[in-house]
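Here's the structure we're looking at; comments come further down.
Lettered A, B and C in written order, each chain numbered from 1.
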Amino acid sequence: MAQRSHSDRRELIREHAFSAAGLTAAIALVATIVLFFVQLFVTSRASRTAFGLSFLWRSEWNPVTEQFAALPMVVGTLATGFGALLISTPFALGIAIFLADYAGKKVAEPIKYLIGLLGGLPSVIFGLWGLFVLVPLVSKFEVWFGNLVGSEALVASGTTGVGLLAAILLLAIMILPFSSSLILESLLVVPAELKEGALALGATKWDTIQSIELPYVRKSTVGALVLSLGRALGETMAVTMVIGNGMKMPRTLFDPGNTLASAIANQFLEATSPLYVASLIELALILFVIAIIINIAARVILRRGVQQ
Amino acid sequence: MEESLIALETQKINAWFGKDQVLFEVSVRIPRQRVTAIMGPSGCGKTTFVRTLNGLHLMTPGARSSGTILLEGVDTSTMDVVDVRKHIGMVFQRPNPFPTMTVYENVLAGYRLTGQRLSREQADEIVEKTLTKVGLWGEVQEKLFKAGTSLSGGQQQRLCIARTIAMEPAVVLFDEPTSALDPKSTAIIEDLLSTLKADYTILFVTHGLQQAARISDYVAFFMMGELVEFGETKRVFVGPQDKRTEDYLSGKYG
Amino acid sequence: MTRRTFKNNVMGLLVAASAGLLIAVLAVILWHIFISGIRYLNWDFFTKAPAPMGESGGGVFNAIVGTFLITFVAAAIGTPFGIFAGIYVSEHRGQRFADIVRLCADALQGVPSIVIGIFGYTFLVVRFRSYSALSASIALAFMFVPTTARVTEEVLNLVPSGLKEAAYALGARPSSVVWNVSIKTAASGITSGLMTSMARVAGETAPLLFTAFGSRYIEWNMLRPMSALPLQIYIYASSPYPALQQQAWSAAFVLVLLILLLQYGAKHLIARVLRVKA
């Protein structure tokens, strides 16, 4: 017994294979990000040599004259993303607070289930619903609003319903399950003693939420919202189906427009010239970089929020 | 004590978690086929000490240690840690049978986890023999193919003991194995020790003075990461040589 | 009533109203899919390929086949990578590289689906010189891996450390502890995570646009263009023909059913099977 027992060679080989497999998969995951960047960077070369950095701030996108620049899409992306975030955040907070502090288990569990359901619906289904249900409603609203303010220009700019506004509303619905469940998660880790302490001092429920809970989850809520923004900025199919594929710089929310994602989805299969294709790939590159930055930033904020 | 009566010897064991040193120069010789109680106030390093013996303390991130451990005279640092663990079994504070395995599979878990094949007859024999040894055979004979976690807490702990001794280790470490159990189950396990020591060298971590006095032949008293006193149980309890042991035994540390 | 209690009541109403609104919106969307979807459903819809242009009738059997094939092949490619990466991160918890891997998985989960589609086109379709279902599966596998890795890691972290220690104390090696103890204990969590990832991937459209491309025929060959339900919904919805638009609703109904089946049905089934075994 006291001598070193003979180790089974096969056992050791299996051990090495196991750690090699884990390391390979881990490296593959990291390499994927690099691979994406390099691939998009290389294949968008034609566009980068033709337009250089001015691709980012010029506003002409014209397949006929082969002039391409990203600004209208960048504006469209930011407008729809922030617009959706602005509309959905109060509701997301409301839902999360309701589930964390007001609803009993019997009410909260089914609602969480429904949130999961809504969040699991494919983008294209939202697009379908948006196109045939939401867009006609937006169209009616546009006509009514145009007449209300008596703006010929507004009415003329489009009353079809497709455009930035429809995209914003649809996006607001789509990120709601995501942001509300993230905020809920952070609300649930607020220590009960803190809340009970405040309640024992005679604070109302809302006082407690306002003065104890919300400050406690401030950082993680910001992280959750940044993550949701990332989702909204990259959301493709639903936006593609309701935004109207407008190539000009949008002037009002009623105008048709494009986001980076929707421009690619709408135009890639029609792009015939190499420069057109490369320009669309460069849009993808921009979107990729934005998405990576936003996601990493959000994770860092969320992690700090948890540590604090 | 004669050399041949020593199963396990440690020489100047130090251990750290990050920057905190938790064991200081612990040297002790553990007699073969006896129950040695490792006792001391909580946080004195007794659990860390037994975990250094089978290399399990390294599971904690940032943990490291130094010193020599001789198992039957062989320096364990020259051995594969897996072999060390096959010779030094361990029973934990909370009963932890594998929830995905039946009672039967739990007894044989060590063989399965180390990739050792057994014939049906061998397996049946080991299960029956080991469960009989821990006094569980009669109680679970009908439940062999139910989940190990379906047993009562005391039975689960005895199942874990069976799982450990099924591997025929030389030394068995018990890390406060009764602290999560009711008095009746505790008594059964304490009784079991007197039969087990016929075959195994036993180290039994406990913070209960009464328990140490009841079950052990030798006792090692730890405080603040140092081995304060080691000796035959009766001798230490009757006439402690160190002031700190005396204070602890008379209840001065609570 | 003081101002504070008044405010308390009003805010209580408001947060309840936001939850109510969420339920209402979901109900409206599901109601539309159900009502508009079920209206044009018939046996042909499940069993036939699209009718030739200009003829009425036909179905989406080609897309149903495509969705299953593309999704399962994507899962088959992605699962080993995802699970091993998850194991790696969980086993090396607290180490710097593991943290980086986790961060990359999180970041990859946030990569817009259209970017994955473009990547699939430039990296695979251009290389193979043809649209193909296989390139779609590979593209989707890039979405599958990070979600699977994260779920696997999270579920593995929930395995009590006492169980792993017990296995190590018996002389088991790390691979044995992971396979025979951690993975087995976490099996139901991991499978339900895989199902959720599959449900998510099955509903993706953008990565398929420039890879699977779509096909009007019932196609079983992964090296050829193939349709899928989300793709068919998009194409039909964007068409000017009301008959096709109606089929888009029905296809949406089928897709939602399929996703619910994958996500909840399979989850409960698996949970039951595992419980019976245990």
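Basically, a contact is a pair of C-beta atoms (placed from the backbone, for glycine too) under 8 Å apart; a residue touches a chain by one contact, two chains touch by 3 or more.
Small disclaimer: the values here were computed from a predicted structure and weren't measured.
Path length between chain A and chain C in the chain contact graph, taken as the least number of steps between touching chains: 1.
Chain-level centrality, scored on Cα centres against the all-protein Cα centre, points to C.
Put simply, the C-alpha centre of chain A and that of chain C have 17 angstrom between them. Taking each chain's centre as the average of its CA atoms, chain A and chain B sit 54 Å apart. Taking each chain's centre as the average of its CA atoms, chain B and chain C sit 48 Å apart.
Multi-chain contact residues, meaning those touching two or more other chains, occur in chain B at positions 82-83, 86, 115. Shared contact sites, meaning residues of chain C that touch two or more other chains, fall at 173. Each of the following residues of chain A touches two or more other chains: 11. Those residues of chain A that touch chain C in the complex are listed here as 11, 14-15, 17-19, 21-26, 28-30, 32-33, 35-36, 39-40, 43, 90-95, 97-99, 101-103, 111, 114-115, 117-118, 120-129, 131-133, 173, 176-177, 180, 204-207, 209, 227, 230-231, 233-237, 241, 261, 264-265, 268-269, 280-281, 284, 287-288, 291-292, 294-296, 299.
Note for the complex: chain C touches chain A at residues 4-5, 7-8, 11-12, 14-19, 21-23, 25-26, 28-29, 32-33, 36, 80-85, 87-89, 91, 97-98, 100-101, 103-115, 117-119, 121-123, 142, 145-146, 149, 173-175, 178, 196, 199-200, 202-206, 209-210, 230, 233-234, 237-238, 245, 248-249, 252, 255-256, 259-260, 263. Interface of chain C with chain B (complex): residues 93-94, 160-173, 176-177, 180-181, 184-185, 187, 278. Across the complex, chain C is touched by residues 54, 56, 59, 61, 82-83, 85-86, 89-90, 92, 94, 96, 98-100, 109-110, 112-115, 147, 160, 163-164, 167 of chain B.
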